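Below are two complexes that have subunit A in common, paired first with subunit B and then with subunit C.
Showing the complex of A and B:
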């Protein structure tokens, strides 16, 4: 089509004179501050004095970097084959979770709600839960329904166990449909504790209801269980599977949401893609052992596996970097009794080579980090390995144990000397930190872009959620390959910045 | 066919003046649900850009929502800050009114907003926090409007939340300030226009060209002060949403401001809305100016649309936008020559549905419920070329290789007004003609018929 009308771009349109004039008129009744006053307030908000006031703030949170428990439990549920995440409580929470996950993965997210209203608040949510189970099973035909709660059901104290039992007695849902459940109020924990609670519930439920555990075949005994946890990177699943197939080890993922969050455009939408087979869970109890690539996100699950399944459990924070990946491979090797294949050793050599290629540009770079505990530990390790200096580390959902481990890691290297770990703090605290003690780079989720912009530093997007960049989650950040991806993300951001800030004579072709 | 070329009947109470809890269509337990009343209240109030918006509840009610709305501001950005009291377990047991008070005080001192909106959530409503008392006390003590918004999520749908937010504006804001002289005269309030992708600016520009000024933006790119003087406007326009109709009715009753309902999606609707403003302003000069503007713009748009109409001939669309936008978008699509063959009505009121019927007749399929699968089935059965829906359904359409237009609040294209219609046409053209569909529709070359090897 040739006769294309002149259509201004969103960014340009409202900068045209007609609009400028229109919007200028409005200033008359905006909060009547002079430019000088605005300047003054802005300067104050960037001062050391303000930072102190900001850190003394204890009632209010501003720009929190965490989501809530049931969001995590939705992700856990989607790690299992044909499983419908069902949220018992008021409807809006479910809409938020679906949007949140959709915006990150750019995929549809099936999840339903029991849609409680104020009647539920008065009489309890039993009827909603029963009706909801009946409708959703009929409509979405799941093999399993994973029920978790939102605040409302928790505050009024709904008894999930009794309600689900009643639903079965009334025939609303068949006896053959497993319905594990978890209590996941938002006012406790965060998305990672919700993930943990749901995963543990699914594993224990499926294990305990199965009668033929003993019937596991010989092959099941030689397998390895793997847990990736609250994992926003579908690429990490693929990477770990690749590593295991190079080892030649049999394996079972306890929770694999990569199918649901990275499904093909094949012409027909199915509600469910991939996921751990329900029948594999009881068999996994007889496996050689379990390796978890997150620690803080699956605490209770790991306790359960250790005691309930009497299994060897090795857990580590997100393995980013050479040493962390070494530990992962050593763990696989130790539990399976298989030697680390030569192919992986060669790969290691190539990635070490890549790190040496870039080390000049990373050395001494001061960075700020925000994110979930396991990711942060992985990133701190990577920074120390590459000569970058983690300075501000903000973990809204981190606990004391995490703080200790992070501080221990920092003190293991001279590059960690300046590192300060702030748990329970939000991104408005981070803004103060970035401004009063400037760094070169920020690393974190999309939410960090506002603080980074205020501080005039580039943001490397790693973690969850990433709403404003595409496909980041499809590339692994774990293992040697993942380390290479993280390296190239960071070093190329640094190089771009060099170009952007270079004077005429410094705009070099070769870097 | 299991459903329904019949027009579904919904609860009609949604149009009542006084919001009642059971007013709007409710989601069925066990289905994928839309936003809640809390979300709805935020949709209506967050565009007030210079106010602080404090969520009294667990961290996630803001954690899930801060800085993710598409309402644009031309100036202050305070409304983008995610303020919350982040309640923990202890707060649930012992109450959190002290924490709320401390948070209000902190915001008042550190951020100096013209007003603070305090939102109840499921949790604070259930544990019986007295929002009115805390806000009232803080207002008096701080000399600053601190406005309770009692719209906890469990009360119902987004739509209900919109209306409860309107109630809060009526009760605490409107009538509390006086306009500068500049905005008296032929001034109109816009109710329920949230400046998604700058649509409010587009509308305001058109109105200004016709000599009509906007008195109060309720609430797209709005400022707290201007909403206070909404009672001085000559006319209220309720913009393509039933949600703030209650507010318009209240204002008619209390301040004798006539109102009308209109939309700016499509040239026809835009012209109708401008004419209606001029008519209610009862000003000869304005009517004359509006007529001339409409004549000029309609001719321009008609000319510019010719190639598109040719291109869109015979194209069929399915709309799944939630209730309020559906009928107005249909008009726009009709003007582009696209036939709407299916409409999702799960969030529509009876009144919305009857407007949809007015525009496309009973021939189209009405999809009252059933989630993604049901819509996709309709797309197939009706041989639709295009799906128009919000963000949560976008990726479902992609899986089925259905060209898609996002009409929700995350979008970055303004579809309102005459230029907006052109932009919509251009977006649809892009979507329909995009080369990616050729890739998506065909199987891999080795899977195409006749190419398999026998060996």
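Showing the complex of A and C:
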């Protein structure tokens, strides 16, 4: 390659004197606050008085750690084979869901909208839904269309059932195309609520429309159903499949978005990759039981499986850590009647070994956690078993039940003594917490980076969304192997910080 | 019609065959192939700014995205409330890269998600009381905020809230401008109406409201530059270097004061015509401020624009302008010398908002690249008439194409580079087609001005010529079908 001409991009360009002066000159027209005012306000924003006011907020929400229902319904739909997510409402919502998920997974996210406009507010969205079904089936040839709603359709009260029926009567869409639907208003719950609603709808719809459930084979009765829920880690699917194949257990994933969110670059694009086979859903009703690796994200789905399929259901928060994985393996063993394989017991030993190697860098580390309820419970458990101390736990979309469970978990260990669980709070609250009572590490999504920066606390990115680091979702965080990944992330962040802050004499080669 | 044009028309017709009748008829009106006639007169018949067909996977967004995401969001010293449920604000939080100086959360509120997080009770009983309280709480939490904008999400307009009354009451109570913006997502057919509504709100609440202490003969404003990756800064530096004084930036790295003083400009310079032309015509009508379009993508267009701008002033400015062009020409020649041989003849396809598909043509051409198909998500007739003359004969022009159409065309035209947004990006990676995000500059930039062109050239080269694309050719497989 020839010599490179000097090229400065935004990282360096605007730090040059020329640009610094330019920005200084611009201030003359901004009527800006004085440096003293900014300094004062900045200091105030880091004060105890500010924290008090911050926690007294009733209505204003700043930097929440949650998204809205239909984002979850899109993810749920993409967990099924050749399924097109269809959002009934304004079209901008769909553009947002697609970009949001793409930014996390670095993958395409096919989804269509019924593109309702002002006249829809007057006449309802039936014509949009019918034409939308006709067009999307013609263009994208899905085997199933999973319909959910965005605000507009919910506020005006569109009747999805009647509209879909009309679409079929008019011949816009064939009788053979299953069209489960879910109401997913963004002004109720969060993305996990929408995931739950769509998953439940898909499972119940496919089960109920199937005529020959009795056709389940012997093998189907010996299978295990697995649910990963609103799962931003494609690596978790691979890890759980690996565990099950070591067990030698047959299984069906009820929702597996890992194909769609981790498809190969091989020269062509086909819209649909992997996913739970539609025909496997009715058969899953005959399975031995269902294990769900999220509880709070799939509440209604689990209720349905328990009552509708009369099946044993075991649910647990995201199994991060040794003990949580022990419980997962025990559950698999109990339902399938298979012993925990030696290979996994040995793996357990290796990961415990890794934890013993690193314990001295984890012990007593005070951490702050933010994320979805199931992830937080998994992380709290991991912290407690490694001697880390969860201090601030913010769960914007957590309910009272979550709070009780989290507090119960914290009180089960001396390392949980300081832990405070804040439900319904946002990352601006977290900012105050991190500043007034600093911790060693913050753990959460990319959205936590602002608060962590203001408090000068290193951030370990775990959860959703992760926009500013690549490929983290490809590595599992569940099971023994996932525990190793979580451990590596955390301990190496601690070690990096030791290097960054080391005094000259203490810049150690061996740690 | 020449054979080439005929075959391209066939390609489009065949591609659209898969659509049901109604949608096919509609979609076929959103295509036109450039020919000599269109190049000369620009009078095209392509349909634009119409409703997207439901279910086709349009690339478009909504009015809220146009107002909060594009026009208002970059105003750094105001707090912008995403008024309604949590999602809209969450998805548009910090993703547009409209850079601004200041301390985030203290005197700069751009990369923040401030929302009223509507719950069911707010839908049932209305959100006006909550909005009042939110304004008070913003004043408490962000004492240096110079204003508040209320960016309406869908439910607000459907449940009959009176945000205008709340804004009026709370402006009086807390003493900073509070601006209601009726940009509910269901309004209009794309982001475009949101731009217009946002412009109207600027006109009604801020434009012309403040005076400039000292006016000068060379005062200009930059209109419609959102400072993506620092674009507006890389533009401003050129205008200042030739002796002009930029008194306002709308709206990248902008401030409420700049919105209120821009009417004192001697000349308004508009980059993104689509999203802010309304304000130029308004300021011309109400304050007699003339305006002109300019294009700072690529040296050819940048130099052309700089000269055209200088021509609106005097010899002093014209001399400065020529001196500056000479200075940068050496740098630009070096860049072109390095990158043009690597990019010569590469075929490019573009689908971007309402400006860049035409504005970046020159920059690609400076690098020897050829645009084979281009179009807008939300362009209007006046954008298309400006586009045809800038493109070669045989170029396919489309309006609001679906994901399916873009993918078909990209393959049939055997392109070397696709420029669109994040929703499109990863599809092209699967297909092995080099792709650049042309909204966010793919987390790079700036692309405006001479400094920006260096980055643009580097980026196009790294993407088109990256060895990673060769890895798609799996030796175990006979051929990779594209």
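As a convention for this text, the second predicted complex is superposed on the first by the 505 of 511 C-alpha atoms of A that agree within 3 Å, B and C clash if a C-alpha of one lies under 4 Å from a C-alpha of the other, contacts with A are read in each partner's own complex, and residues count from 1 in each chain.
Methods note: a residue touches a chain if its C-beta (ideal position, glycine included) is under 8 Å from a C-beta of that chain, and two chains touch if they have at least 3 such contacts.
The model shown is predicted, which means the values in this text are computed figures rather than measured ones.
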Put subunit B and subunit C onto subunit A via the superposition and say whether they clash or fit.
clash
Considering only the touch criterion stated at the top, classify A:42 as touching first (subunit B), second (subunit C), both, or neither.
second
Looking at the overlay, what does A:55 touch: subunit B (first), subunit C (second), both, or neither?
neither
Touch test for A:454: subunit B only (first), subunit C only (second), both, or neither?
second
With the two structures laid over each other on chain A, which partner does A:115 touch: subunit B (first), subunit C (second), both, or neither?
both
If you stack the two complexes on chain A, which partner ends up touching A:155: first (subunit B), second (subunit C), both, or neither?
both
Between subunit B (first) and subunit C (second), which does A:221 come into contact with in this model arrangement: first, second, both, or neither?
neither
Subunit B versus subunit C as contact partner of A:507, first or second or both or neither
neither
Looking at A:91, would you say it contacts subunit B, subunit C, both, or neither? Reply first, second, both or neither.
both
Once the two structures are fitted together, what part of subunit A is touched by subunit B and by subunit C alike?
4-5, 7, 10, 13-14, 18-19, 22-23, 25-26, 29-31, 41, 53, 57-64, 66-68, 71, 86, 89-93, 95-100, 102-103, 106-118, 120-121, 128-129, 131-137, 139-140, 150-152, 155-156, 185-188, 190, 263-269, 428, 447, 450, 467
Going by the contact rule set out above, which residues of subunit C touch subunit A in the complex?
18-20, 22-23, 51-65, 77, 84-88, 90-93, 95, 99, 101-107, 111-120, 122-123, 130, 133-134, 137-138, 140-141, 143-144, 146, 153-155, 157-159, 185-189, 191, 210, 212, 229-230, 233-234, 236-237, 240, 246-249, 253, 255-258, 261, 331, 334-335, 338, 402-404, 407, 421-432, 444-446, 451, 454-455, 458, 472, 474, 480-482
State the interface residues of subunit A toward subunit B in the complex, per the touch definition above.
1, 3-5, 7, 10, 13-14, 18-19, 22-23, 25-31, 41, 53, 57-69, 71, 86, 89-100, 102-103, 106-118, 120-121, 128-129, 131-137, 139-140, 150-152, 155-156, 185-188, 190, 263-269, 271, 396, 428, 447, 450, 467
Help me check something: in the complex, which residues belonging to subunit B touch subunit A?
21, 26-39, 50, 54, 57-68, 72, 74-76, 80-89, 91-92, 98-100, 102-103, 106-107, 110, 112-114, 121-123, 125-127, 152-158, 180, 182, 197-198, 201, 204-205, 208, 221, 223, 225-226, 304, 307, 311, 370-373, 376, 391-396, 398-401, 410, 412-414, 419, 422-423, 426, 429, 440-441
Touching subunit C in the complex: which residues of subunit A?
2, 4-5, 7-10, 13-14, 18-19, 22-23, 25-26, 29-33, 37-38, 41-42, 44-45, 53-54, 57-64, 66-68, 70-71, 86, 89-93, 95-100, 102-103, 106-118, 120-121, 128-129, 131-140, 150-152, 155-156, 185-188, 190, 263-269, 428, 431, 447, 450, 454, 467
